[in-house]
Every structure is written in structure tokens, then in C-alpha cells.
Amino acid sequence: MSEHVYKVIEVVGSSTEGSDKAIENAIAKAAKTIHHLDWFQVVETRGHIVAGKVGHYQVVLKIGFRIDD
Amino acid sequence: MSEHVYKVIEVVGSSTEGSDKAIENAIAKAAKTIHHLDWFQVVETRGHIVAGKVGHYQVVLKIGFRIDD
Amino acid sequence: MSEHVYKVIEVVGSSTEGSDKAIENAIAKAAKTIHHLDWFQVVETRGHIVAGKVGHYQVVLKIGFRIDD
Amino acid sequence: MSEHVYKVIEVVGSSTEGSDKAIENAIAKAAKTIHHLDWFQVVETRGHIVAGKVGHYQVVLKIGFRIDD
Amino acid sequence: MSEHVYKVIEVVGSSTEGSDKAIENAIAKAAKTIHHLDWFQVVETRGHIVAGKVGHYQVVLKIGFRIDD
Amino acid sequence: MSEHVYKVIEVVGSSTEGSDKAIENAIAKAAKTIHHLDWFQVVETRGHIVAGKVGHYQVVLKIGFRIDD
Amino acid sequence: MSEHVYKVIEVVGSSTEGSDKAIENAIAKAAKTIHHLDWFQVVETRGHIVAGKVGHYQVVLKIGFRIDD
Amino acid sequence: MSEHVYKVIEVVGSSTEGSDKAIENAIAKAAKTIHHLDWFQVVETRGHIVAGKVGHYQVVLKIGFRIDD
Amino acid sequence: MSEHVYKVIEVVGSSTEGSDKAIENAIAKAAKTIHHLDWFQVVETRGHIVAGKVGHYQVVLKIGFRIDD
Amino acid sequence: MSEHVYKVIEVVGSSTEGSDKAIENAIAKAAKTIHHLDWFQVVETRGHIVAGKVGHYQVVLKIGFRIDD
Amino acid sequence: MSEHVYKVIEVVGSSTEGSDKAIENAIAKAAKTIHHLDWFQVVETRGHIVAGKVGHYQVVLKIGFRIDD
Amino acid sequence: MSEHVYKVIEVVGSSTEGSDKAIENAIAKAAKTIHHLDWFQVVETRGHIVAGKVGHYQVVLKIGFRIDD
């Protein structure tokens, strides 16, 4: 396991429901085209405000995955 | 739209329910006196502990809004 | 109150449910052996991905507590 | 001069022309309502992309000014 | 106490005497127009040099206060 | 709009003319292969010096774009 | 001397007198239970405001000490 | 040379031998699919511990390369 | 595995041989008193210079380990 | 080329014309006394405001140059 | 005044009396060989501990001064 | 010892052999012209890639030394 190489990409997920859901949406989307997603890290949490309320949450993530041989 | 100027303020919301709710409380309060709130960014998430449990969440936010002409 | 001294420890809580629950798990665990936990601060939010979904959230926290005389 | 107190505000200027112009727009706007603006610091430079080109630059600034007695 | 909202402002205090005095000057000035100042955080300590000596200290602070209902 | 997912890439543009032109060059290049570029953020501004003058500016950017379904 | 191992702990000292005194209080407290304290680093300086004045200074410190064999 | 555009990717190399070897493994892997790799920057050095010893080093890198016309 | 809680400590290892050896010395020392050390992260690399050469390397590490039930 | 050693100095250039010109002024000045200037990095962009307009831009730079044998 | 160039150096002052005195010692020393010192910025405050008390404070400073023509 | 003043310079060492060797090269070079070098700190580790392999490591260092009276 010790000689693996991983790639890290940055994505932004959004959700009207909450910050955890924005994370989950980003990962679900990435998982459609990349196999073996392994971990994530939150880089920033932000969002838009509409009519004085949170319109949607936006979470900037790094996602790491193993590069297959 | 390209020549607008925005102001950014820093607020701290708190909630006994969770970190997203603390964000929403801060925005609701700011919206009472400022129109056209546009976006927010989380600066820090922290809170107080009472009797070995989260007493309340505190989220430090930046909130941006357009300066009206 | 003004001459108290506090210690700050770093812990990582995890949860399959969400990031707030990971915070609460870490605090509950720390509260078993340390009295008078006073505040927490989130240092980083991350997690593992299993089968294209969040396997569990991991939240790195600082927890502060008063040193008893 | 040594005992003055200053306030620092955060604003975002935008411009279709360039990043320096975005700074100047933000300062011109702030100067309409605040006297004695004294210095600025760039916090972040960003912008929107429209049709594969910079639509407008956005520069986040801190602006400092002396609080009058 | 758990649902309060706070505002955070940034000010710069200066003093010929020392860095703590610069903090105190900034807070004294802010307290003239804002009630219920609650906490401060030092952002940066700097100053001017005159004739090879500290002319005055300048301390950049964040000051937090509760927004009254 | 609220459930979109975005990807963020990092590129470095260069220009002999200035830092804004380096940004524009990077975006023009990225736009040749990626549709729907949406925003950019400057990460770092640097450059090479040739014969005691700026040889060319280099600006490190993050560029965000929506992932199409 | 070159193969020693040190441990670093984080503490918060407080004082009504000033920021240096808050540092000294934290170190005095730590020295009651740990031998061979070796160095400190200031992580953050903050405090509470009471009636428009500094109520007490709080300084967050890292303190390093050698682990005895 | 002055108008080139570069792309920067983030990868994680690992090695049981040491941190330099983890860098070299990451670069060797990236070089299999990308031509003209140009520079790297270490973002973070970390690793796993197995039975009280370093199991393997993990180095997070940014790698830059020129985008071919 | 998903509900575990970890503690993170900060240590400084030193070595006359190199920076990787300083990491290994710190971990070996920590492993004498703590079971189940799990991961490390380098916080800072520094050292002393003696007679114009590296006297010894010092590496500041965070080390994480699971808290046993 | 691989065993060269470089020195990095920090300078602040200023200009009434713009931020790029402030960079160029700083480099032109440094080039008067130092040969073989090689690269620069922007550390901070700031400036003074005079009569509600940018009085002059100030750019803090690091400049690197090879140490001759 | 707007086209001046400044140099910034980094120094560490120390004092047994306090952190402000460490700043003043560093500036006094620098003023012996450099004219026209203009401003300083604190980079880090640290110190050594001797017999459970602050042995001396060490303050890392940046000091800026105008480069004479 | 407590009232000494130190200067800190920034240098970049390079080596084809490894990152520790790049540190050692930078210190050896600095020691040719400066006496009493006292400590170093790694600011950044980077390097060039040649033909898909590390061409040479470059380590940016701060080096501190006592200013003689």
C-alpha cells in the first residue's frame, strides 16, 4: 500500500439544504466519472443569500483518489 | 453589473441546534437592517461546551452586500 | 475570573451522520476524562469516501478547558 | 499623531477594465460617504469569466480611515 | 445566551507608550459610540520608527459586540 | 441553480505586458478546451527578471467551471 | 543535545495587567506540573472587554519542553 | 517563452524509504501520462505510523507543466 | 471504524543525520509511552547551525492516535 | 545549474500609475546595486489614499538573485 | 513621495523585561548601521523559559527603510 | 545572552541529491561570508523536473545569525 500515488482535485458542491449536503452532492458528482475516490477535505464554506436567507450553501472541497496502474 | 461596489461585514451567529443554523441566525439578523445581502463566507466555526456537550455553536461569517447608489 | 489558565488539546471526532455529529462525538469522548471543558474551535473538516459516498466525516477540533488549582 | 484611532472596512470593487481600476472604483465609492480615507490593502483578486474572457475583475480591499474626534 | 448575534469590527489603535496601551486606546475610542463591546483579538502589531526609536505602536484589532434587539 | 457542481483547476498565465494580461492569457488558453468557465481567483503574482527589468509576469490562478450533466 | 525529543503543549494565560503578564501567568502555571519548560511562542493575543475597557488579556501560547528519558 | 500557459495539478506520493523518495514516486507516476513536467512544490509532508515506526511517508505536491499548443 | 475519536499531540524530533531521521526519532520516543500511534504531519522543519554546518535538524510534528475505550 | 544558491530580499516599490509600475520601480531600483536579479514574487499590494483617490500604489515584493562565486 | 523604494529586513530582538522592550532593542541595534528606519511589523513573539519563568522575550520583526538615491 | 539582536536572511539552496543536501548547500554558501550562523527554518521545498525526474531540489530557508557588537 505504501507506494501508491494519489491525485487531488478541487470541486465545489452546492445545496439548498445544508453544508453537509453540499459536500455529499460534490462527491456524488465526482463519483460518476472517477473510481476509487478515497478522501475529502473542506477548503471553504460559503453561499449565496436570497431574500435575506441562505439561498444555497457552497462548499469548496479537495477530493483525493488513487491513480490506477 | 460589472462596476458595482460591495461592502463586507463580519458577524458571529450562534445556535444550540447546529453550525448551519448558526449561519442562518446570523444572516436573518443582518437582513433586518441591511438590504440586498448577497453572499457569505465562513471564517471560523467554534462554540461553548456546557456539561460535557456542545452548549451552542458559534460561526464567524463574512457577509457581502451591494452598496446602493 | 481574569487570572485563570486554560489548556488546549487537539482531537479528531468522526461520524457517519454529519460534521456536527463528529464534533459532538469528540467532545463527548473528551468529557469522559476531562472536567470543565469550556470551548471548541474547528481546525479542519475532512472525511473518507466509501463507494462514492461520504463514509464518515472527520472534524479536527481544539478543545479548551480550565486547569484546576 | 501617535494616539489616533483608525477604522478598517472591507469592500469589493469591480471593473471591466482591470484590477487597478477595480481598486479605484471601490475607493471612489467609499469616499462618497467617508472622509479622510487613508490607506488600502488588497485582500484578494478575483473575477467572473464571460464567454471565455474576463467579464470583470473584482478586488477585495481593506480601507482604513481615521475616526474623527 | 445561545442565539445571540455579534458584529465584529476592525480598528487600529496607536500609542507612544506600548502595544498594550495601543489596544486600550482603540477600545476606549470604540466604546464611545458602541455599547456592549465584548471581546477583542489582535490581528497585527506594527508601528512607526522616528529617529531610530519606536515613534508609536499601532495595533490592528478585531472587536466583537452583541447586536441589540 | 443551487445544486450545481463546479470543478476548480489551477493554471499559470504569463505575459510581457502586465499582470492583468497574464490573467487574460491563462483564461483564453483554458477556454479553448473547457466550456462554461465561470470565475477566477488569483493565487500568486510573480515573474522573471531579465537584464534588471520584468521579463514577464506570471500569475497563478484558480479557474472554476460548471460540470455539465 | 542533538537527539532530544520535545513535547509542545498549548495553554491560554490571562491577566488584568497586560499581555506579557498573561504569558507569565500561563508559564508559571505550567511550571507547577512540568519540569524543564524550554521555550514559548505566542499563537494569539485576545481578551474580554468589560464596561468599555480591557477586562483581561488572554494570550494563547505554545510551550515546549524536553521529554526526559 | 513569456506567453506560455501552465497547468498545476496536485498529487500525493508515498514511500517507505523517505520523504524525497515519496516526491520522486509521485513525479515518476505523473510523468507516465503527462509530458513536459516542469516544476514541483511541496504542499504537505505526512505519513502513517505502523507499530511505532514510520510505515510510509506521504508528500502532497503541486506539479506544473506547460500546456502544449 | 467511523465513530472513533483521535488525539493529536505536537512533538519536536531532532537528529544530526537528516530531517527524515528527526521525524523517526520523534515517533520512536512517542511510541514508548503511547500505543496505537496512527499518523503524523510535519508542521515545521528547522535546525541549529554549528561552525557553518547543520548541527542538527529539528522537525515539529503532529502525531495522531486513537483514544482507546 | 543545480547547485546554485540564491538570496531573496524584500523591497517595497511605489507608483502613482499602477500596481505593475510599482513592481517595475522596485526592480529598477534593486538592479542598480545588485546584478543577476532572477525572479520576483508579490507579497502584498497596498497604497495610500489622498483626497478620496489612490495617491500611490505600494507593492511589497520578494526578489531573488544568484550569489556569485 | 510616491515613487520611493523601501527595503525590508528581518531582525530578532530580545529582552528580559518584556515584548515591547525586545522590539525596542532590535530597532536600536538596526538604527546603529541603517539610517531612515521607517516602520516595523511584528512577525512572531516567542522566548526562552528558565527555571519556570520567562528568561527572555524574543520578538521577530520586519523593519522597513527608504533606499537613498 | 538575553539582550542579543539577530538578523534573519532568506536564501535558496539547490541540490541534485535531495532536500537535506539543498539545505546544507545553502548554509555552506552563507557561512563563507557571514560568521556565527545560528539557526535555519525551511520556508518552502520545491524543484525542477527534467525528463520526468527531479532535476534538482530547491529549498527556501531563513537563516538567523547574531549581529556582532
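Note that the chains are named A, B, C, D, E, F, G, H, I, J, K and L in the order they appear, and that numbering of residues resets to 1 at the start of each chain.
Heads up, the rule we're going with is that a residue touches a chain if its C-beta (ideal position, glycine included) is under 8 Å from a C-beta of that chain, and two chains touch if they have at least 3 such contacts.
All of these numbers come straight from a predicted model, not from anything done at the bench.
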| item | value |
| --- | --- |
| Shared interface partners, meaning chains that touch subunit I and subunit J | L |
| Starting at subunit G, fewest touch steps before arriving at subunit K | 1 |
| Reference interface G-K: repeating pair among K-L, E-G or B-D with over half of contacts shared | E-G |
| Inter-centroid spacing, subunit F versus subunit D (mean Cα positions, whole Å) | 22 |
| Centre-to-centre distance between subunit K and subunit I (centres being mean Cα positions), rounded to whole Å | 32 |
| Interchain centroid distance [CA atoms averaged], subunit C/subunit F, Å | 38 |
| Shared interface positions of subunit H, touching two or more other chains | 9-10, 19, 48 |
| Complete list of chain pairs which touch one another | A-B, A-C, A-F, A-H, B-C, B-D, B-E, C-G, C-I, D-E, D-F, D-J, E-G, E-K, F-H, F-J, G-I, G-K, H-I, H-L, I-L, J-K, J-L, K-L |
| Touching residues (chain side subunit J, partner subunit K) in the complex | 9-16, 25-26, 29-30, 55-56, 60 |
| Residues of subunit A defined as touching subunit H within the complex | 1-10, 62, 64, 67 |
| Touching residues on subunit A, where the partner in the complex is subunit B | 18-19, 44-49, 52-54, 57 |
| Contact footprint of subunit J on subunit D as seen in their complex | 19-20, 23-24, 27-28, 31, 37-42, 63 |
